Amino acid sequence: MAYLFVHEDREYLLEPGERFESDLGILEVPEDVAPGDVVETHLGTGFTVRALRGPDLFTHLKRTGAPMMPRDVGLVLGKTGISGGDRVLDAGTGTGILAAYMGRAGAEVVTYERDADFAAVARENMAVAGVADTVEIRTGDVTDDLDDLAGFDALTLDTEDAPTVVERAPTLLARGGSLAVYSPFVENTRETVAAAREVGLDGIETLDTIQREMDFDDRGSRPSTGGVGHTGYLTVARRP
Amino acid sequence: MAYLFVHEDREYLLEPGERFESDLGILEVPEDVAPGDVVETHLGTGFTVRALRGPDLFTHLKRTGAPMMPRDVGLVLGKTGISGGDRVLDAGTGTGILAAYMGRAGAEVVTYERDADFAAVARENMAVAGVADTVEIRTGDVTDDLDDLAGFDALTLDTEDAPTVVERAPTLLARGGSLAVYSPFVENTRETVAAAREVGLDGIETLDTIQREMDFDDRGSRPSTGGVGHTGYLTVARRP
Amino acid sequence: MAYLFVHEDREYLLEPGERFESDLGILEVPEDVAPGDVVETHLGTGFTVRALRGPDLFTHLKRTGAPMMPRDVGLVLGKTGISGGDRVLDAGTGTGILAAYMGRAGAEVVTYERDADFAAVARENMAVAGVADTVEIRTGDVTDDLDDLAGFDALTLDTEDAPTVVERAPTLLARGGSLAVYSPFVENTRETVAAAREVGLDGIETLDTIQREMDFDDRGSRPSTGGVGHTGYLTVARRP
Amino acid sequence: MAYLFVHEDREYLLEPGERFESDLGILEVPEDVAPGDVVETHLGTGFTVRALRGPDLFTHLKRTGAPMMPRDVGLVLGKTGISGGDRVLDAGTGTGILAAYMGRAGAEVVTYERDADFAAVARENMAVAGVADTVEIRTGDVTDDLDDLAGFDALTLDTEDAPTVVERAPTLLARGGSLAVYSPFVENTRETVAAAREVGLDGIETLDTIQREMDFDDRGSRPSTGGVGHTGYLTVARRP
């Protein structure tokens, strides 16, 4: 399990037994290193050891595309309530940020990624995030396995063919289970909503989220002049 | 532990041993009831038993004011990454939605509520949410106990005196731990940011979130004409 | 020409020669009444005479549907720069708010309204707005007259068949002239954009405007909790 | 009076009698040039002559800071209804975009700019915009002249000391006249609102406008991922 080694503004992700060189000297990571330890380089610079936390995942996971942003990951968690003991079916793993967050919240996650290289990176990422045991990454297309999947507490999709999967929500989900579909485009979102209506899901809702940073300086307080753009629409629904 | 008893559009929150009467007949909840059971009234109407999920908390917890909305609860979770094993200090419990979500994500939460009646309701709510063991609700003002509190993985505040608490973030938080402060007002948010800067927190950021629903009907797709208003600013930061 | 007669919170739109009764007495409007005059009822209550200004149009024109809102009228004016001496082709007159604003800014406007009753009301509204001479309201469908229309400085559309009209923009508009199309729906807007691209317009841009009121009270400053919903997308472009 | 000389993607602002050289040859602008003419360079490349329109002002006026954006200029026009025959008092001329728009809509504008160099540029800009006769730019601080100014149909302010001017709105404005104050900051806006309330203005409203572009491509329709940031709050009110 990897840890963060922090010295002032520097932050390195290293594993027990790893040897790391920088201008601050050579850092030999002890096999039994633990959060809270301070490890010194051969030049005497101390690095504090820290476990990765959720926000660190956005900085330290290997990216295989634009990962879902914290606000969208949070919106999925807030609207679905995925938590301890839940079984989640996820598709479109990508970097795996959402899967890692759900795993860290106590869910058992099965996630599908069609690209074998992306899936391999995502598996490494789950190890870094400490959820290798609870997040299973399957290489392949979830639509090929729909007959064998059933009774999940939540279904989270970030794939173009989400509408096809949503049509199967009544068997994929347990009663009361939640669906969350993330899509950048209106048309795809509309098809997802149509599929959710077709199969009789409840509480279907599509959210468009706009977020701005606030600036506070000596002249006053105001929303930032730097804009924050669109990420994606989130459609949620529940099996009645 | 209470469960939801669902029949078509009806949904009742009942405890084992409880006796419930409606026009559909008398429902005697068995002591050993479990999710998935179907329990019949004396008139023969079947109710399916279901565990509460996150989104049910917004419907079934007793409210002692406007509870935090799913998008804001989610934003706190997304930005702080609160998850299994984390120790969280929360203040301004209110209805307890945020505390319940954090507890369900595996965190141990200590939360302060100044109003004794609100605190009592929140304790009942934690029982309903299944987190009575991991969320401790203290009646009182967190500012009175700051000297005795330390080393939390996250600090979540929804109180007017948040700036006073933020000044103590360097001892309240473990290294890398996150702060999340929710406030409806610009002025209070500005003071929170000033306090966070004063004590040297990292990654200070205030988010203003605007959310609209999308409407999809035969005429086309568009954002809803019904507006969604402001809830609060969320300020996040981390202890370096 | 009608004027506003104002007494404290009351405001009536009356014409020279008109006789008006209320609990404050009978008001006989002199034929030669002028802004700034004070006219008394037979009971001695004075009403100050005032010309209608732009914002009064939203209150005092007769509505034949939801009129365009000030922010959208303004956006059309800001993005197209319609002003003194411009010739404007408008379609989908409705209440006529946009036509009145453009007329008051000095433009000569030809506007099409398919519904004869709506057109009649709009003509009355133009008289009230003081632009009966510069805004010509034609009852009918603009698409029937496209062969006879040419060389306008601006083309403003609030109709479902806007894409059909946009296809003719190269002859309808003078060089450098602007197109502004207002539509609530994504699909219709997309077709408008496709038509504008097809005929080679420049600077094609679709704007989605979200507007919130700010609340300032003793507790602080914040965006209103009452939401403001979507009105329409505005697509602008220019003939090169 | 300057005109635009357009050849394909090129667009130059030139005056009658001016001599202009580029790689396309030398262009001698005739003294009697008029919109619609085609003028050739000595190498035979034709430039079409075009009068400036509103949107051209954002491209061709000389900037002395960030000019007000079209959406904000439009919002001022939409909310105040400034139009033909109105007398407007404006302060914080800057580049003069708003003053030019108001002049082009038929208003007589007196505008104050404290910086003499900025005022000189703004005067040139008014000539380019064709409103040198109707927009008077005074070098100085409007607060020095408040005793001598009265009875305007509208008061438009983009200055830090707007609250001081707003306190005088009851004499500066005619009955029914509108105030529009543009400010980037919450605190300044709050003071403006307080001043407007203090002197009894009606319909006080502060608007926060968020605007996004929509993208339409082969993959679908969506709000742009490129963000549009905050410009300023607009506060409007009317003298009762």
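By written order: A, B, C and D. Residues from 1 in each chain.
The working rule: a contact is a pair of C-beta atoms (placed from the backbone, for glycine too) under 8 Å apart; a residue touches a chain by one contact, two chains touch by 3 or more.
Everything numeric here is computed off the predicted structure, so don't read it as measured data.
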Rotation in the CA alignment of chain A with chain B, degrees, nearest 5: 180
Interface residue overlap between copies chain A and chain D, same or different (over half shared): same
Option reproducing the contacts of B-C, where over half of them reappear, out of A-B, A-D or C-D: A-D
Distance between the centres, which are taken as Cα means, of chain B and chain A, whole angstrom: 21
Gap in Å, rounded to a whole number, between the CA centres of chain D and chain A: 46
Chain D residues counted as touching two or more neighbouring chains: 186-187, 208, 210, 212, 221, 223
Sites on chain B touched by chain A in the complex: 4, 6, 48, 50-51, 53-57, 69-84, 101, 104-106, 153, 175-178, 186-187, 189-190, 193-194, 203, 205-214, 216, 221, 223, 233, 238, 240
Contact footprint of chain B on chain C as seen in their complex: 184-188, 208, 210, 212, 219-231
